[in-house]
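Both of the next two complexes hold subunit A, though its partner changes from subunit B to subunit C.
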Partner chain A sequence: MTESGFAFGFMQGFSYLRPRSVDEVCAVLASEPEAHLLAGGTDLLVEMRNREIRGGMLVDLKGLRDLRRIRLTEGVLEIGALATVNDVMDDADVRRHFPILREAGAVFGCHEIRFRATVGGNIAHASPGAEYATPLLVLDATAVIESAAGQRTVPLDRFFVKPGQSCLAREKGEWLSALRIPVPAGPTAMSYRRYSRVRGMDLASACTSVFVAEPAAAERRQVRIALGAVSPVPVLRREAGAHLSGRAWTPEVVAEARRLMLDGIEPRRSSIRSTPEYKRHILGVYLEDILRSIDGVRS
Partner chain B sequence: MPLRPDESHPVVGTSVPRVDGVAKATGAARYVADLQFADALQAKILHSPHAHARIAGIDVAAANRAKGVRAILTGRDAAFVNGFCIRDTAPMAVDRTRWYGEPVALVVAESEAEALAALDLVKVDYEPLEPVLDAVAAAAGGPRIHDDPARFEHAHEFFPQKDSNVLHRYVLTKGDAEGALTQCVTVVEDDYEYDLLAHAPLEPHGTVALWDQDGTLTVHSSSQSPFCVRATLAQAFGIPFNRIRVIVPALGGGFGGKSDFTVEPMVAAAARLVKGRHVRLVLDREEVFVSSLVGRGFQMKLSTGCDASGKLNTFHARLYQRSGGFGERAINVVLGGGHNCTGPFAIPNVKVEAHAVYTNTPPVGAFRGYGHPEGQFMSVSQMDAMARRLGRDPIDFMLDNLLVPGDTNALGQTIEKGWGDLRGCVTRVAGRLRELGPQLRAEAAARSPAGRFKAGIGIAPFMKSPVMATNAASAACCRFNEDGSVQVIYSGTEIGQGSATVMAQFAAEVLRLPVSMVETCTEPDTRFTPYEWQTVGSTSTWKVGNAVVRACQNALAMVRQNACHAFGVDPARESEVEYDGRMLWHRDAPDRKVALQDVCFGFSEKNGRTKGGPAFGYGWFMPSLTVCDPKTGQGDHAAEWTFGCQGAALVVDTATGEIDLRKAITVMDIGRVINPVLARGQVAGAMVQAIGAALSEKLVFAGDGKLRNPTLTDYKIPTPQDLGDGVLEITFLEGEFDDGPFGARCMAEHAIVGIPPAIANAICDATGVRMKKLPFSPERMVEALEVRP
Partner chain C sequence: MTALDTGVSAAAAARTRVDVTLRVNGMERSATVPAATTLLSFLRDTAHLTGTKEGCGSGECGACTVVLDGKPIRACLVLAAECDGAEVTTIEALAASGELHPIQQAFIETGAIQCGFCSPGFVLAAWCLLREKADPTREDIDTALSGHLCRCTGYESIFAAVRLAAARRREGRWR
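Entry: the complex of A and B
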């Protein structure tokens, strides 16, 4: 859009490269300032079509087969950046340990999109309402970051910087290669809920994830809560989680947790998807519903 | 008496598979965007970023010099105005832009990429003006969007208001509503709003135009209305109709958004700058939202009154349509919305004041239902509210006030028995709802947390008629081939509704041939195919069907005349010839038979001398209509009414405000069902589109008039996941109907009318809260329920 008006078009001025190794990706990103990483393409192609990205080099990661793996080793599940949503949905370890990732996957786009879209892309794109952000936040996930300078890891709650921007240093050629999730030792309960305008394909207008370790033992409970699409980045609500940890969930405790969870959460008025008032309201309802369902499972 | 299908081998009344089904399911069908022209130039639109602005200047010099550019069209280059009701509609902005997204310039280049690159070089100097988005406010005063609507050329039945934003004020009067209202014992007054909506057809609009050097214009377009496009182009360029050819290839839906005309005049104007080359424009999805047509957009106020006996006595409605920046395609929606907004109720005193009002929003056009959903959302909601005010069951109250044969409707038409079994529809829906209500209430009450889930039922009787020009004709030809197969030719468009299949069924039934021997026209071409006013208003089965039946009857009469030569009988006695689908014989000589293929091209004697000729039949249909009386607004302006009733049963989550629609019911008297599967498909589609309007669809404009959701990401149409299995219940009554082919009534869009009020009434039944603005989003629900802290 210019001051003169707007128009729509597609795919001009892009070059394309399909590296064969992690090192090759790192080398390209180190030397190419206008590189755009292509994994599933479900966000990138939309941006190209909307002319939000005009030209540059498309670096197609799909040649890196290894990055599609989902592996459980030494108590840590590693989801390669190219694992699609359906890969995650179908994975036996995910099914066993992290049903919340299947809950989020089940409402992610539509079945066709889930064959292309990657969990890594969903996180790297750093959308405030990213479907996988809040589940991975409450699961204590870590981002694995590659660059020509080597590998580093960042806890996911420090990964998101602002809408559409992560801590990946583009000038250093950094990119996200995997997500790591520690497998909890004892029993757990976890749930993802989101509000969307229709039940069919939609983005989350507001979403929340709740993770509870040792749900059946009130005094040992550990609770983590995250919110999405209500702040510039998906956020862990530590105080609310702490308030629910190690104690029985009386109505007063839950009400205070709800207050703490929403304290300082001020969704932007300009969102087209819902009102700030409703987003805060629905997240409170979801928290109570999730806690009730977890307590209900126990009894 | 309507025609009846053959008793032993009926074609009419059976679910014949779609004749276009394989082509569309396999991708073989060719839409405008699929058409290939080796010399085609590509056009791209520069859209206004302002909803209301003066255009101080447009500089196209740099863009003109850009690589590949062949022409640039601006509003000043395309200086013509179109309209038959009101001549106010320019193909692009001239000196002033009236809505966000209005075309300001069109670049024509060798490739789409070059056109886009050149668009960035067009410089437009805007001076923003205050936008007017609210129809009531715009009607009352405020910034003027056109200098004076009264100065536009217009048909005499329209009343543009001098020096205002009101381009039509339709007043309908029956009895004395204003006087009677003061005498009413119970009066309910309320405001309602049906927001602006998008049609969102699968196929975006596209047009390819070519001017030959000799001044002939050929246009391929995704249009529901090729003859209207032709008339529009003739008006635009001042050339005779015979020099214009409009061809419609396969169409991927329209819902009214491809009726009248859309981008065709602009593309044709651009093509005139590059004579001898095709110019192609296919809209992107966002452009369909901002640069074709939108729908609805009614703000309404209603006062209704009952007498001491609890009978509905008085109805006074004021309607304001946000017509958009141009009104030609919106103005008749206001007339139709005005004349049917009472709903199917008997009311002695009626006054309707319906206004089409210029606003700085995209132009409104026809949209599935055409005025009926708007007004009847208001009236049926208010009937429910009135019943509750009176302490009566809404179903009983509505049953007591239904139109019955002998009553007059608001237009002054006397209801006849043959118009359909309205009461039968309502009682069937009522019976089903009264089963569902207690079941759902018990189920909701049993859910935890206690009291959170609330169930309710709502009913909505409805009526609909096609709103048409008084000479909205259909014509058809039936042409026999040498082997006895036939071509049935007409210009009704196959827009996905199944008309090509239904016309094949009519022809096969009349001609007693298998459907496989009938080829129906699916690509209207104004150079060759017979006249059709427009494919709108659910009229194809009825109107085109009548023309096809007559054409086939006439072709068959010619076959019989040919056969007379074989039997040595005067061809004037063709009615004495019997025919069984394969053989013909004279009734007095049943042993002497000739085969159809031996007489469909004349009859050849042994020596080769041939008498008679290739069999051909022409048929036409003209509705019987008048314009409305300028004083009362009454008249025979509704050609055929179809009656029905809808119902909703739902559960409201009072904590989240979410509505779980458990059943949506439609019962309609549609005369004879021609193709049960297709008929159900039309009704199901209309119901789902209505559910979208009721629960999630809405065009969202910012305060500055910018459309914030011109994408399917943020304009939320329902998908299959939004409806559980078995939510839709559809029943047809088949009352006798004389005026339709084999007794078929108009039936396709109708099921969009009653769903929103049925849902609103069910919400009220469940929660006591009256929802008056569509859509009933969870945000609006929790606000209304006051559960939010």
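Entry: the complex of A and C
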């Protein structure tokens, strides 16, 4: 076997470690802040192949089997960093409480990618159009962050900093160990929509998630809206959500919410996927469509 | 010892070359390979099982699909080191006796093979699908095959092959 050919070029300069405990991961990252965490690997291996990452220590989390767990305790669903997209799609509690996570999963990569890619990795990678970002933002999710200094939690709307960068302090060896989602007490409605050039194996050109608590009771409704792939980080659109909360969705109310949702959203023109005009247009269409389907079903 | 000391000693265990043992198509394969060796490279360059193809090398095309512990995955996006101790099935297992698998036969009959480069991936994806669903819907086939690219056939003949293989299986012509 030769190790000098084209196929082996990008494989040089790496080392591999599979820690056995959270503490061990924290300790390793404290001494090797440049190490690359490996969960599903579906982004990391592409970056290695593209030589965006040239060598370094690969710290494989798969020695920590507990991190693959999805569990519901005391009204909070916790998705461990190693839970794959298909794990989340198949989970009974997700089916029952958070169908939006299945909607996002159904268009994530493709069937085979979904057996490897993790929801935690999708978030930690901090892509502006990350499939799970907007659903988790509207579900009010929290990131669980570990380091040698201990555990801290950060609301997801403060997690994303800029494209490809989260609030994880790499120099302190911080890493994402889980995502926590509060289970809503009452009835809910929720939907994820995305526009992409082709249906399979494509990233979102623009995407949106809408969450509604108490959808059938106009005066008690609480609405959250998030947008993805149209700004440097996925964003909650609080004013638009607030405008739709606690009132009936008349055409005027919906039109104003649509305006508020898109106010100040300036997708970059250099995107290869779609024009800013079309992204803004389709997101407005999605919002109206989602609200109509929720109101139609629930009222 | 401080956390940093613990980390330094733990990090010292990182290896630039790793010992990997896989069970590939029922046969044990061991090798010591560079840490970042992909499963695809291990299968092709170390185990010399060249039925698994490298298309894009970045997870987009599906040509390198193999079955890892029962699930179809992209061998270009998985490190061999991650799979240590795992069970892998490649296209070579399907016709191990020298006789084509009924799915492969169906691909030939419907014209689902032209250049053949994408075929191992498509056939293994179909194999995984039919193990789980005896009577897959169009949507099931869509889901199973949607991450696979074929530049020759236009896909319809591939869908026809999967339906043909499924029908023959339901008729009891294979198990």
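Note that in this section the second predicted complex is superposed on the first by the 289 of 299 C-alpha atoms of A that agree within 3 Å, B and C clash if a C-alpha of one lies under 4 Å from a C-alpha of the other, contacts with A are read in each partner's own complex, and residues count from 1 in each chain.
We take it that a residue touches a chain if its C-beta (ideal position, glycine included) is under 8 Å from a C-beta of that chain, and two chains touch if they have at least 3 such contacts.
As the structure is a prediction and not an experimental result, all values here were calculated from the model.
Using the contact criterion defined above for the overlaid structures, shared-chain residue A:R199 touches subunit B and also reaches subunit C.
By the document's definition of touching, of the two partners only subunit B reaches A:E277; subunit C does not.
With both structures placed on the common chain, the touch criterion links A:V285 to subunit B but leaves subunit C unconnected.
Comparing subunit B with subunit C, more residues of subunit A are touched by C.
In the superposition on chain A, contact of A:L17 is made with subunit C only, not with subunit B. In the superposition on chain A, A:G109 contacts subunit C only, with no contact to subunit B.
Contacts of subunit A with subunit B, set against its contacts with subunit C after fitting on chain A, overlap at residues 1-3, 7-8, 10, 12, 110, 199-201.
Considering their complex, residues 1-3, 7-8, 10-19, 23-24, 26-32, 35, 38, 41-42, 45-46, 48-50, 57-60, 62, 109-113, 115-116, 148, 173, 199-201 of subunit A touch subunit C. Only residues 44-49, 101, 104-105, 112-113, 116-117, 119-120, 122-124, 126, 284, 286-287, 449, 655-657, 695-696, 700, 708-709, 713-714, 716-722, 777-779, 782, 787-789 of subunit B touch subunit A when the two sit together in their complex.
Taken in their complex, subunit A has these residues touching subunit B: 1-10, 12, 110, 195, 197-203, 272-275, 277-278, 281-282, 285, 292. In the complex of the two chains, the subunit C residues touching subunit A come out as 3-4, 6-8, 10-11, 13-16, 18, 31, 34-38, 41, 44-46, 54, 57-60, 62, 65, 71-74, 76-79, 81-82, 125, 143-144, 146-148.
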